[in-house]
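Note that subunit A is present in both complexes that follow, paired respectively with subunit B and with subunit C.
Let's look at the complex of A and B:
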């Protein structure tokens, strides 16, 4: 190149002045915090001024040893793994199947479905978390729907019992059957259920049957409460459901856009040769989309480690820390109560390392099974 | 012939059944999306006492009283301006910084491009939420250092200055930095596709690199800039984890922080809680309805490569 030296200088100066703002900000937000977390996680820094305050020094790997022995750390890690699993083995396959249904025009109005299924991803995760928390609560939508169906079923049973008894007659037999049809409440509120309920029912006149039925439903129908969600082994289920619910639409869009680039002649030809839809997905679509699937899996893993906001808004890690994630645990250590910055930073690094391991794992899987694009 | 006819009618039945199942699954999933949101909006229009007895049906008395109450308790009048400020400011900042760097990475040869650009690409996968604690330490400690220095020179007295922590500038810078990796990646790949001949021609006319950036690159990068910006707007408007640790003053908070007030302890006043949630999701739902095509495109672009 016959470039004069000043042109090279100009080029270099332009390059650096253009790259500089981005680099400084990147260092500010990513690189420097990572260095801070490495240093602090190895130290006994206890808050306050880092420079010119109370003296602190590097003490070694104690925080990591503490973490390895901490059952809450492993619990949080387990919950993180659950979220990764539901993301990779829930969102991706569902997204792929939905995309395929639209791509093959097995369901019509693809744009419409796409538009609706992506909607949750656009709403603030905080709103989503609080909303589902209400819906799953004993005062929420699900409990209400279940209890309504219980009430309706019980009310039909009451009608049947009376019609089989031949009209409005309150006999011991009828009362016994009513109690048997209802939930366990009758035995709780009455000492002698049959006699007391019979006495109660005798106050109604035959033309008050509708009122009687309603009162019986209120009194005896089985009540369902989602209180079991507070239990250790199932507390994560609502969160996993919401994770699946939120992001499936995103992978639907991703896979559909990539499928639409595939020559439709290939699929048509396979169809004419008698391949079933399942075979087309498994034998043609998956191999052709393997690169996209791996990228989606990486995105999925990276995204699933960003579930802090959802759990923070939905359960806050509770009840009794059973839905805690690594990021929630880290947040609690640093910002709730007396701060333990070294431990919190050790958790931060653990998350970074965890995500790098998962992503490398995906790459290995790709190298072994993927590659055809 | 007869055998063939039965075979095809069997497969016809199978395909009709398959279609039915497909619609059923798709419909169930869609219903699970739309119905909770619809339920939320309906209940936000009922007075709270009515919700206790009527949790599913239409409101018997339609009222906006929940919205008025929620708006006041959440102090949303203070927050909504901030949300607009952060969203617009950071979106513009990201796209300016990213196109500038993208131009340099794509069109100016340098040995530094490999490692720097590579670290941006890695940044796409780093979970920014995992860096909450160190970022908090960084901004709060920087403020202390700056305060100490200023005190040393004698510009300020005993009080501390807030340059990065509890400041709009700090939030803006962190948001811009957090959005950079994916934006730099998309812009660089896009600008690579702009023919070199255009730049060389401008160089021969004696234009400097910044002039080329302004006259040639920026106008041509409008499509990717739109995609990136629309992606960023939804992300920044909804962002919670970072701003939650970056500010403690109500005057600096954004909408999601206000909505978070309605979790847990507020739970007895359902009406206001529902109204706050609707206030929280309405702006982005409207944005989505208007820009659905572009948002979809952005999702696709943002996910092309990991």
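Let's look at the complex of A and C:
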């Protein structure tokens, strides 16, 4: 009995000696920057030494009010939501389905597909961003392929128009048909398309038909331009595609590893009882993996709100900020032109708050609908 | 317990021994060199890098009492590092900086010294007046010594391509517009601009358009609140950019063209003209380390010229071109006055801006120096042609991001892109910029 208080003290000392290093590390590495960030977001701090430098003071929630009134903040938030949605409702279901296909050996060469799908996740994000930027550029692979097919089709039409006109004749009718067969270019570059194109074509002689045909293709053939991908409503599509392509493999590996832990007898029993593959996924796999799915969703959300490198390398948030994310907006305000540290910190905290809301939402959904592993 | 105490005692003794040994080692008869930290802006892949490194090495060899600790960065990485240094209040002793724009914080917070008393009037008299005029810097003192005066609009012209297609150099915008069908028939764009970065259209063309249609006095009036960006005159200036897109003179695809991609496309005859700043001529020169040039000296000499942008309908100031003093080195205000460090920084500055070093910079095509009398017979044709282009310009006007606040020119830059995308019209962009300047005025 007499030794009991000594034991409690000893236990307590041991407890604190083990916990303290981690607590101290956590406070300095995680909590301290967060607290400083909160303080700066509520102040008019303009850089330099925080203590002993230029005077600064707490100004309240001004920055948050400024953010709420800023249309670019809402645009960036919307773009972040798109990435969260494609991650949670794109990467996770696809990863689960691919994992199931491999797990159940529905597809052959499962390990090969596993490797192929996972590969984008191990390549540098910057390299991937630059690569896809080149592919989607006006001078990139997609534009080149599409425009070659447009050019070939228009070239055949030019031949047909001249052949139906009875040879090399530049009449109003021929010019009208050429304009009609082409894209909208003629109406943009000519005030009077028929007269001006006719004048231009009159410089060619019949023996220059091959040159004329090529020039007409250059001038009038429909051109696929990725410019539409730069517009506000669709600019995020290439990015969302790359996000999906890049990270689905990671969740495939995660789900596959956990599926392999499930007793195969359960799945076999369900098959014998006549369950379809869809029913096995929905009724057996999903409930048994619900914890993993929630953790994967949390990873997805955190990763999506953090995503900076890919979009920065692909578009830099442009053009005209249409692909800007909260993280890029924060970077802009902190490091571009005249830095606005309070606003940048307010954006950082908005990202944290948004993440917490989404993670709490995921937890609620898991509690409400999730099964037991 | 005893064991732990013994280990602790041994460790303390060892530490003390190391500390004192270090102290004695440093106390020799040789004086410690003055350490000068430098943040330098350079692209290690650019032609002239090897020559640049030799400049630094020579200084170190000639000045053993100064030890330079140089950090080299380029593009966004550089600006990000400066911002981090500013935030931490721990700037390097000497740093590369802009007269305004991206170096606004350094100017506004007076984080760098006035170079006029440090370098002396006599030394500064060797530079063209615009370069040493404090009015040309955001801080209104000589925060950095501009190594050049930058003309932000140059129309690089492929004269061979024009000649092959029976076209002459344009004198007016209507000439440029008339070229579009002929050039397009040959698969060639008329005017190429790498517009993916928002600043390009504003700095490299729109500032000149504003200067021609409105003039600097009008911009001053707007800043003073006597005129508005929503006025018809400014809407018309924006409208001219819109017209260029609509006429096909500039392709809307250029909005997705990264800044680094422009020179290669122009060199490959993909366009008849490239509109960019004068600094871009350096991208076409021969890299001495590889012997490769985007445009070889023979073609530079025979097939290309530098033109002033053609006359714009309704211009009040014909031929005017936007220009701004260039980048250069500044000295941190945290360097103590009269200290050995300050003396070392000044010695470095005087070496860097010496005729000897500036001649190397001219020969490698880095820029046309602001120091007077720098000539060389080794420069490639593009570098020889640039001073001729300067000579053809009678008057210069503001570069808008050099005179407007970042909160004002940012919506302008974005708006110019949005017009290119067709998602906003000139009136809407003008309204956005007006709103921004009203907010800026309210803050003043």
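Observations
Just so it is clear, the second predicted complex is superposed on the first by the 268 of 373 C-alpha atoms of A that agree within 3 Å, B and C clash if a C-alpha of one lies under 4 Å from a C-alpha of the other, contacts with A are read in each partner's own complex, and residues count from 1 in each chain.
Basically, a residue touches a chain if its C-beta (ideal position, glycine included) is under 8 Å from a C-beta of that chain, and two chains touch if they have at least 3 such contacts.
The structure presented is a predicted model; accordingly, all values stated were derived computationally and were not measured.
Contact with subunit C, but none with subunit B, is seen for A:219 once the two complexes are overlaid on the shared chain. In the superposed model, A:139 makes contact with both subunit B and subunit C.
Shared-chain residue A:341: touches subunit B and subunit C both. Within the superposed three-chain model, A:368 lies out of touch with both subunit B and subunit C [touch as defined at top].
In the overlay built on the shared chain, the residue A:261 is in contact with neither subunit B nor subunit C.
By the touch criterion defined above, A:69 reaches neither subunit B nor subunit C. Of the two partners subunit B and subunit C, more subunit A residues are in touch with B. Contacts of A:105 after superposition: neither subunit B nor subunit C is touched. In the superposition on chain A, contact is made by A:316 with both subunit B and subunit C.
Overlaid on A, the two complexes show subunit B and subunit C touching the same residues of subunit A, namely 49, 133, 137, 139, 316, 331, 334-335, 341. By the touch criterion given at the top, residues 10-12, 14-15, 18-19, 21-23, 25-26, 28-34, 36-37, 40, 49-52, 94, 98, 101, 106-107, 113-127, 129-135, 137, 139-141, 144-145, 148, 245, 248-250, 253-254, 257, 277, 294-296, 298-299, 302, 305-306, 308-309, 312-313, 316, 326-327, 330-331, 334-335, 341, 344-345, 348, 351-352, 355, 359 of subunit A touch subunit B in their complex.
Note for the complex: subunit A touches subunit C at residues 46-49, 53-54, 133, 136-139, 185, 188-190, 196-197, 200, 215-216, 218-219, 225-227, 229-232, 316, 318-322, 331, 334-339, 341.
Chain contact summary for the complex, subunit C toward subunit A: residues 76, 79-80, 83-84, 86-87, 89, 101-102, 104-105, 108-109, 111, 180-182, 184-187, 195-198, 246-248, 251-258, 261, 265, 405-407, 410, 414-415, 417-418, 420-423.
Across the complex, subunit B meets subunit A through its residues 18-19, 22-23, 26, 29-30, 32-34, 36-37, 39-40, 55-56, 97-98, 100-101, 103-105, 108-110, 112, 116, 119-120, 123-138, 141, 144-145, 148, 173-174, 176-178, 180-181, 184, 208-210, 213, 234, 237-238, 240-241, 245, 255-256, 259-260, 262-264, 267, 270, 273-274, 277, 280-281, 284-285, 287-288, 292, 295-296, 299-300, 303-306.
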